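Each chain gets a letter, A, B, C, D and E, in the order it is written, and its residues are counted from 1.
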Amino acid sequence: MNRHRILGLIALAAVLVGFYFGGQAPLDQLQGDYTRIMYVHVPSAWLAYLSFLVTFAASILWLARRKPVYDRIAESSVSVGVFFTALALMTGMIWGYPVWGTFWDWGDARMMTTALMFFVYLGYLALRRSIPDPAMRATRSAVLGIVAFFLVPLSYVSVIIVRTLHQGITVVRPDSPIDGEILLALLSNVGAFTVVYLAFMSVKTAIARGEEQLEEQSAAADATPAGAAITAPNLEKVRDV
Amino acid sequence: MSGPSFWGQAYEIGLKDLRVEGRTGEVLNITIPFGAVALLLIPLAIGTDRPLIASIGPGMFWVVTLLFGMLVTFRQSATESSANREMMVLLGVDPAAQFAGRVVASVLLLLVFEGVLAPATIILYNPDPVEGWAILILVLLLMAVGLALIGTLASGITAGLRSRNTLAPLLVAPLALPLLVGASQTYEALAQKSSILTPILLLLAVVLGLAVVGVLTARFLEEASR
Amino acid sequence: MSGPSFWGQAYEIGLKDLRVEGRTGEVLNITIPFGAVALLLIPLAIGTDRPLIASIGPGMFWVVTLLFGMLVTFRQSATESSANREMMVLLGVDPAAQFAGRVVASVLLLLVFEGVLAPATIILYNPDPVEGWAILILVLLLMAVGLALIGTLASGITAGLRSRNTLAPLLVAPLALPLLVGASQTYEALAQKSSILTPILLLLAVVLGLAVVGVLTARFLEEASR
Amino acid sequence: MQLHGVAVRYGRVPVLKGVELAVPSGEAAGIVGPNGSGKSTLLRVLATLLRPTEGSVAVFGTEMGEATAFAIRRRIALIGHQPALYPQLTLRENLAFVARLSGHTDERVDEMLDVVGLGGAKHRRAEQSSHGMQRRVEFARVILTRPDLLLLDEAHAGLDREAGQLVDAVVENVRSRGGAAVFVSHELDRMLPLVQSTYELTGGIVIAGSSS
Amino acid sequence: MQLHGVAVRYGRVPVLKGVELAVPSGEAAGIVGPNGSGKSTLLRVLATLLRPTEGSVAVFGTEMGEATAFAIRRRIALIGHQPALYPQLTLRENLAFVARLSGHTDERVDEMLDVVGLGGAKHRRAEQSSHGMQRRVEFARVILTRPDLLLLDEAHAGLDREAGQLVDAVVENVRSRGGAAVFVSHELDRMLPLVQSTYELTGGIVIAGSSS
């Protein structure tokens, strides 16, 4: 069994454990079963943050060291981060409908910043697609990976800057009001999602490396240089036409 | 023959940008009227409800400044052909100085842009008056600097790509979100006479952060532009 | 060797435009997300008032379609260098056929653009529902055709000028005003269940008028573009 | 093809003044002159792309005016300083576009690309092709469309030694079909063997015309 | 100036392969080869503008790497297929921009424009100047900045007969200062008298090198 499959199985197991704790945790009186969405919503938001943090760090490392592995990590982490962001957005919207009576609220800074974070990193992927040269692609997207990152802390503190519907920062607070069992359920899901992240990353980076190697090989195999395709003109033909 | 200092280089670059702008007159003669037209169109599309229009006035001003201000900051990258960029590399121009020169030129143009559109908004939308002109001017300034920084960075990231014209705005709009939030929150706070500290600090932090990132990454972007 | 007919020429031009678009993917991959971002930003700048946002939703959709739809129609003129334009003249391509081909290509792209942004607006702004989907779709179609006509005309008028990128939007916005009015009036009328005849006729008249003007003036514009 | 008393001004700056020029069918004329003397401008006048401020232009025996220009243009081809290509399209797509608009088949396109030696590189985009490759496509276009009036602005530039002979062959071909060619070049030793008459342009005035 | 085993790929397509090239100080080398063989690409590698996929480049005795490129670039000049000018600025403004960035005075600018014969036209915008006038400004830039490594891509193209001699003069000047020049051209009879060695490039490979 290869490394990816093992990691995948561990991730699956961790998610099942997380769901078990999530199912066990006590419910909020007001929201009932809807509370359980939290165990997907909050970990995926946090993992999205983590993904983009990893991209941020890997981008700096690429600029400093120029090792292709950093570029692969940066790219893969964005792909995974975009997935988690989408998950956080979707679960948030599903949660919001019964709780606030709307899928989406304007002016809610948390939703806005999260949505825009999503768009910027989609832009990151679009940028990568539009640059064919590997070194150029890596460097430019590294700069974007650094610049875009400032939306992440902004998304986190946005609830402080603009007070609206979304829950304030509750978990990470010295006087955290969270019930022990809920905290356990939350943290076990965060742990499970982290393993999922690692599993995705190992597959994504392996794919990226494989693609690079394939590129190298086919470049080596493609022995005829560009210039060889151009031949002398056929002057006789010109006179004939 | 060692050439001018960092700021000397930045000055030459900025001056050149402004001179090209002077020849084409894009910002002054064209982007400004266009921004004004957009401000005019919005109430038409929404309807004639006077208080509604007054209440969305400031917000629309920020959105229009952001969307059309972007055009102002991109204008520069359009004037640089790849041959010109390569020439600057071989002249040994410090990429950070290039960045600085461009940003300063853009800031000046954006201030003119804002200086025309702000009164236009007041006339067209007739928003509820607020106290604190000095602070509003500070916000306008921070917005101009922030937009110039983001626009110049985005131009650098997308320089020379075929999809530049549309990819760059896509990157700028979300990145400019903190500016938009900071500016509109400051205005709200002024209107409600509550504390303006948080949004102003947000604006300042964003502007400073972008400036540092821009200067530090300029070299890499230049290298990757070929 | 006399070459293809009017519609044959138009077909080749339109196909070429769509193929260039396919290579760069500007509209589909980039302008659409940008339009979505603009739709997202506006409410944030305005504030949190839910009914207010629902009430401006349709208006914002038209404004965003207009402003970013323009980018779609201009994209094409950016791909034509002056050497290319001269070559087409010497190939004896009918300027009216060129115009028609461009417009058709733009309409197709604009319909995709609207097809994505309209549902996005409904999700994001949650406007009050109205009856009459068929009519709304007709309005979207007329809007696309009208915008494509105006944008192509404006590109023609400003072709090859250095200030094209900013001058063209300036021309389009006021020309598109009747479209904007027609579209938003139709929507209002649907919402209030009053007669939609006048605004629809307005839209139809504008589109037809523009088409005739475009075809008739194409030759003069081409001649003046050199 | 005949020019009579042609003058061109850009704004207030006169570029050409009282230019007289005549090229009979089946002949090629060369234009020489220092940089900035108005050679490219003159070619654009001949191509009906620029209307002279004064004077008259007659091509294929018809005086150029509003209406006549349209009918005649198809028979004129110009190769200028800048290649007329869409950077995003491949070389083949670029030529096929021209071909369809002038009523030729795609087979002819492939044939022409082989003729100019680009058969193996035709699926590269124009932006990924070298300067000389782009210039060769221009020649493929001219061979394909078989113009009766061929205008060449420094046609040899950018072409390698072998491809340079394309110029000779193309001019030859146009002349043999009874067409005319006008040729601007600074490379006299390559141009002179191809032309029957030369005009020297200095500061917008033809100062010498000679036929050989 | 030395290249060793240089290979360049654009994406997957190899353009240069195992190129070896050495130009001693005070000499000029010529590169010839058919269209699309990679000559312009090679010049961009020499100019440090393109990093080779493989192999090493040493200019002025220093191996090119991240950090060293910066120090060396000022001493390199490249004249490529496209002129490096801002179309909206006048010819004089264009040159003055370069001059100030490299620490020269405006008097030198006027002097250089006179040298290349544009003294009377220096207040025209680049977009209103002919092809050859734009190319001349490129030469004014090179004369002004006095590079130690001069890279010329079809330098004669577009220049009239008299201005063509600028090329000879500039190459001479660089060599006399102990610099080196690399010269790409299809016009052998104008290039060969100027160079001490020639390399023939075909399909990205140097197939022949000779010194005379």
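What we mean here is this: contacts are C-beta pairs under 8 Å (C-beta built on N, C-alpha and C of every residue); 3 or more make two chains touch, one makes a residue touch a chain.
Note that the coordinates shown come from a computational prediction; the quantities given were computed from them, not determined experimentally.
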Review point. Can you tell me the C-alpha superposition angle of subunit B onto subunit C, nearest 5°?
Key: 180
Review point. Among the chains, which has its CA centre at the largest distance from subunit B's?
Key: D
Exercise for review: Go ahead and name the chain pair joined by the largest number of contacting C-beta pairs.
Suggested key: B-C
Exercise for review: Mind checking subunit D against subunit E and telling me if their interface is mostly the same residue numbers on each side, over half, or mostly different?
Suggested key: same
Check your understanding: Counting only C-alpha atoms to place each centre, which chain is farthest from subunit A?
Key -> D
Exercise for review: Just give me the whole-number Å value for how far the CA centre of subunit C lies from that of subunit E.
Suggested key: 46
Study note, to complete from the structure: Expressed in whole Å, how far the mean CA point of subunit A lies from that of subunit B is 29
Point to revise | Geometric centre distance via CA averages, subunit D-subunit C, whole Å | key: 37
Review point. Where in subunit D do residues touch two or more other chains at once?
Key: 88, 121, 133, 136, 162-163
Review point. Tell me, which residues of subunit C touch at least two other chains?
Key: 23-25, 29-30, 33, 37, 44, 46-47, 49, 162
Exercise for review: Could you tell me which residues belong to subunit A and also touch two or more other chains?
Suggested key: 109, 112, 116, 119, 123, 126, 130, 135, 226, 228-230, 232
Practice item. Show which residues of subunit B lie in contact with subunit C when the two form their complex. Key: 24-27, 29-31, 33-34, 37-38, 41-42, 44-47, 52, 55-56, 58-60, 62-63, 66-67, 71, 75, 78, 162-163, 165-167, 169-170, 173-174, 177, 180-181, 184, 188
Check your understanding: Which of the residues in subunit A end up touching subunit C in this complex?
Key -> 102-109, 112, 115-116, 119, 122-123, 126, 129-130, 164
**Study point:** Of all residues in subunit C, those that touch subunit D in their complex
**Key:** 1-4, 8-9, 12, 16, 19-20, 23-24, 79, 81-84, 86-93, 226
**Study point:** Footprint of subunit B on subunit E - complex, ascending
**Key:** 44, 47, 49-50, 70, 73-74, 76-78, 80, 82-86, 88-89, 93, 97-98, 100-104, 125, 141, 145
Check your understanding: Of all residues in subunit D, which touch subunit E in the complex?
Key -> 10, 33-36, 40, 81, 121, 128-133, 135-136, 154, 156-164, 186-189
